[in-house]
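Shared between the two complexes below is subunit A, which has subunit B as its partner in the first and subunit C in the second.
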Partner chain A sequence: MSTGTLYDKVWDLHTVRTLPTGQTQLFVGLHLIHEVTSPQAFGMLRERDLQVAFPDRTYATADHIIPTAELARPFGDRQAETMMQALETNTQSHDITFFDPDSGAQGIVHVVGPEQGLTQPGMTIVCGDSHTSTHGAFGAIGFGIGTSQIRDVLATQCIAMNKQQVRRIEVTGALGEGVYAKDIILKIIAQLGVEGGIGYVYEYGGPAIEALEMDGRMSICNMSIEGGARAGYVNPDATTFDYLKGRKYAPSGAAWDRALDYWRSIRSDADATYDDVVTIDGSAIEPMVTWGITPGQGLGISERVPAPDTLPPSKQAVARQALDHMDLEPGQSMQGVPIDVAFLGSCTNARISDLREAARLLQQTEGTVADGVRALVVPGSQGVKQQAEDEGLDAIFRRAGFEWRGAGCSMCLGMNEDQLQGRELCASSSNRNFIGRQGSKDGRTVLMSPAMVVAAAIHGTITDVRTLL
Partner chain B sequence: MPNDSATIKTVSGPGVPVRGNDIDTDRIIPARFMKEVTFENMGDYAFYDARRHDDGSRNDHPFNRFPTARILVVNQNFGCGSSREHAPQALMRWGIDGLIGESFAEIFMGNCQALGMPTATADAEVVAWLMDHVEAHPDATITLDVEQEIATVSDRTLPVTINDSQREALLNGIWDTTALMKSYLDDVQHTAEQLPYLNGFVKRNA
Partner chain C sequence: MEKTIRGKVFVVGDNIDTDQIIPAEFLSYNPADPDERNYFGMHAMSGLPSDQSGLPDGGVAFTPEGGFTSEFAVIVAGRNFGCGSSREHAPLAIAEAGCHAVVAESYARICYRNSINGGYLWPLEATDRIIDKIRTGDEVALDVDEAELRDLTTGETFSLKPLGDAADIIEAGGVLDYARRAGMLAD
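Then we have the complex of A and B:
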């Protein structure tokens, strides 16, 4: 087992006791909830006549079902309205802070937590959402939980869990132009597989990771779960502390200085031991795209779609199914594949630096959205949206032909009105290319960085963004 | 504190083989069916799209061909993707009592455990044989013995593995952890009092 890693230290600090099952009862420092996976848990509390044990350690937002075009109540979708009302009632009756649309702080839960300064180093953070791994970017241990576990957290502020192994993923070198954090994580998953992280927490480090600002680190940790790892983290450093300073829920005054001591103390020790170490050459990573139906079916943009029979036996059937669903041929380049929709959003890539880089590319190329392509920008939060508008980014997107929407999960999973239709193919900055993911069972998703989404939107086909630089 | 009424020593019934690696939770239950505030109807949505032709009629998906199944047999990394408990809830409410597979995604496995549904793993050859056997003998009863870590079917005994904590939880009836963890609330309070970020980052003596 690992020793001296951030994960070991945070785990020990939050251990309440060992349960008779052998699992650890682990204290949860921050619990985030949203409208889709929490109402059933509140229902179970009511059935058992239980109260929320630590209401000040749970924060709520609405993101999955929220419309991004028209927020007037009641929502046009009756089911969405019911879910919203349930969250309003549940948070009110249990004294839980709810970042609702009127607060100006609503947004995707994994964008809101960091933005508000709630997400801090050395915490355990859970949410009924698998992309809770995002919060690891701050040197927290964040992981997704199911609804029965949400019930556990509400009633006890704890979860029952087994300790994981730790795999250090060292990304060396410097990224080339047109290559981003998203490309690093797509490369890692392509190399280690979608099941490669089962039983592991990933510690991301090395020069290419340390050079990233927080938004990029969040993109990487966000997709840990796509590689099978329930949590992933980056050791906190000056970049982390700079991001947090002055945020609403971050410590201030004398507490800030004391916080720095704690945050520095939980970094992995220089002589920490890991259960596994993987090294990846960051300077060799190209812009990545997926060609299939799992996030691990990815390739560098200059590579070609593989022939299933050249893959390891366990990957062949899924590859055949992927080629069939995506309507691709082995040996084909992904460059030039026509797109119908360009989606710039999601908890992976809808933060301010994602929007800035996308807008910069649009300005630099003077590009506009190609004929026949539907293009959406869905900011990750109302905060991101406001910031972008203050910087004039919305005007750049609109002028180029993008729709400028309100904050939410939107077309990443198609639980609101933003869905693919029929066999539409979407160039998407989101995190999952599963069959049916974006709201149409026949819809097709190609995952890529926000910059690559812009390049695809301009050309109407999947394009190497480096040709635009 | 064992809870005898919740003890799960064995689960048994006909099987259903759902072949393929990396079957994700969006496939098990598409997100558009999660817009309900209870889990009550989730059984209707299990593999909803995968079970249907374009015109909405049923295809030959195993969930259509093995409607009385109780034991789901799968390959690698089953249940990957989202943390939605809607996925195991859909399977359970459709009729599944236990799963045997080559491997399971972690959050999915934890969610199954929290519902008292064992997720047993077995070697690829064992799973392949079991899938073929179920196809050939749809009425054969599979018995998954949590205590012995074996599955029996048609006079054959197959070795399976159930991780230690899941096995303890099922055998002692403590897979629903709320009451158990709540009984240690004093310890929880003590842990909270030691955490720097809940106490103004002032150093305390343990």
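Then we have the complex of A and C:
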């Protein structure tokens, strides 16, 4: 087992006791909730006449079902309206802070938590959403839970868990131009596989990770779950502390100094031991795209779509299924594949630095969205949206032909009106290319960085963004 | 929950994500409302592409069109069953359809834990790749205590990994009832 890692330290500091099942009862520092996975948990509390143990450690927002075009109430979708009302009632009756659309702070739960300064190093953070791994970017242990566990956390602020192993993923070197955090994580998942992380927590480190700003670190930790790892983290450093300083829920004054001492103390020790170590050469990573139906089916943009019979036996069946669904041929390049939709959004890549880089590319190239392509930008939060508008980014997107939307999960999973139609192919900055994920069972998703989404939108085909730089 | 199950088997492949088990469009049904809860059974496994729905031939609906329950008692799956979204509606939907056991080569962790914590179904792990050796529609007998799946149609027997302590949680009906039974929670 690992010793001296951030994971070991945070785990030990939050351990209440060992349960008869052998699991650990772990105290939860921060519980984030949203409208889709929480109503039933509150229902179960009511059934058993239980209260929320720590309302001040529980924060809510609405993201999955929220319309991004028209926010007038009641929502056009009756079931969305019902879920929204349930969240309003539940947060009011249990005295839980709700970042609702009128607060100016609503957005995707994994964008809002960090932005508000709620997400801090050394915390345990849970949410009924698999992408809770995002919060690991701050040196927190964040992981997704199911609805019965939401109930447990609401009632007790604790969770029963088995300790995982720790795999250190060292990314060396410096990223090339046109290569981003998203490319690093797509490369990692392509290399280690979508089930490679089962039973592990990933610790990301090395020069290429340390050089990233917080937004990039969040993109990487966000997709840990796509590699099978329930959590992933980066050790906190000056970049982390600079990001947090002055945010609404971050400590201040003497509490800030105490927090800094704690945050520094939970970093992995220099002589920490890991259950596994993987090294990846960051300078060799190209812009990545997926060619298939799992996030592990990714390749560098200059590579070719593989022939299924050249793959390990365990990957052949899903590769055949992928080629069939995506309508691709072995040996084909992904460059030049026509797109129908360009989606810039999601908890992976809808933060301010993602939008800035996308807008910078549009300005630099004076590009506009290609004929026949529907392109939309969905900011990760109202805060991101406001910031972008203050910087004039919305005008750049609009001029180029992008729709400029409100904050939410939107077309990442198509629970609101933003969905693919029929066989449409989407160049997407989101995290999952599962069949049906974006709202159409026949729809096709190609995952990539926001910059690559812009390149695809301009050309109408999948394009190596480096040719635009 | 019954620890011996007999009935028909439904076979699926690797990396069955929770969007395939219950597509996001159906998450707006409220599981706490008994009438709406039925719809999870109706749409369980409905996100599978037709050719992957009931291997080896495909084209088999897990729940018949317009119905609320499935004729299948056991799902047999490949690796990484339940990957993707943390939605607990996934094991809930399978259970609502009347199916209370999955035998997979491996599970994504969140789905595995959800299956146990909510007491929805037995998430059993095979010791071998069995999706190529068993056909959708075969009659099977599952014994949780013996950790054994028998294909009564072909006569072949597959050994499974013992569930261990997780079995006690499922038997209690979920982790809260387990905790209460173990005296860890006040009544």
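We take it that the second predicted complex is superposed on the first by the 469 of 469 C-alpha atoms of A that agree within 3 Å, B and C clash if a C-alpha of one lies under 4 Å from a C-alpha of the other, contacts with A are read in each partner's own complex, and residues count from 1 in each chain.
Basically, contacts are C-beta pairs under 8 Å (C-beta built on N, C-alpha and C of every residue); 3 or more make two chains touch, one makes a residue touch a chain.
Quick caveat: nothing in here was measured; it's all calculated off a predicted structure.
Undergrad: Overlay done on subunit A, so just call it for subunit B and subunit C: clash or fit.
TA: clash
Undergrad: On the A-aligned overlay, A:G439 touches which partner chain: subunit B = first, subunit C = second, or both, or neither?
TA: both
Undergrad: Is A:S314 touching anything from subunit B or subunit C once the two structures are fitted on A? First, second, both or neither.
TA: both
Undergrad: On the superposed three-chain arrangement, identify whether subunit B or subunit C touches more subunit A residues.
TA: Tallying touched residues of subunit A, the top partner is B.
Undergrad: After the superposition on A, what does A:H325 contact: first (subunit B), second (subunit C), both or neither?
TA: Second partner only, subunit C.
Undergrad: Once the structures are superposed on A, label A:C158 by its partner contacts, choosing first (subunit B), second (subunit C), both or neither.
TA: After superposition on chain A, A:C158 lies in contact with subunit B alone.
Undergrad: Once the two structures are fitted together, what part of subunit A is touched by subunit B and by subunit C alike?
TA: 19-22, 36-37, 39-40, 43, 48, 64-65, 77, 79-80, 82-83, 86, 128-130, 132, 143-149, 151-152, 155, 160, 194-195, 198-199, 225, 228, 230, 294, 314, 317-318, 321, 413-415, 432, 434-437, 439, 441
Undergrad: List the residues on subunit B that touch subunit A in their complex, please.
TA: 1-2, 19-22, 24, 26-27, 30-32, 34-39, 49, 76-77, 80-85, 88, 103, 105-107, 110-111, 114-115, 163-166, 168-169, 172, 174, 176-178, 180-182, 184-185, 187-188, 190-192, 194-198, 200-203
Undergrad: Once bound in the complex, which stretches of subunit A touch subunit B?
TA: 13-17, 19-23, 25, 27, 29, 36-37, 39-40, 43, 48, 50, 53-54, 64-65, 77, 79-80, 82-83, 86, 120, 122-123, 128-130, 132, 143-149, 151-152, 155-162, 194-195, 198-199, 225, 228, 230, 251, 255, 258-259, 261-262, 294, 296, 314-315, 317-318, 321, 413-415, 432, 434-437, 439, 441
Undergrad: Which part of subunit A faces subunit C closely enough to touch in the complex?
TA: 19-22, 36-37, 39-40, 43-44, 48, 64-65, 77, 79-80, 82-83, 86, 128-130, 132, 143-149, 151-152, 155, 160, 194-195, 198-199, 225, 228, 230, 294, 314, 317-318, 321, 325, 413-415, 432, 434-437, 439, 441
Undergrad: Please give the residue numbers of subunit C that touch subunit A in the complex, ascending.
TA: 13-15, 17, 19-20, 23-25, 27-32, 47, 49, 51-52, 79-80, 83-89, 106-110, 113-114, 117-118, 165-166, 168-169, 174-176, 178, 182, 184
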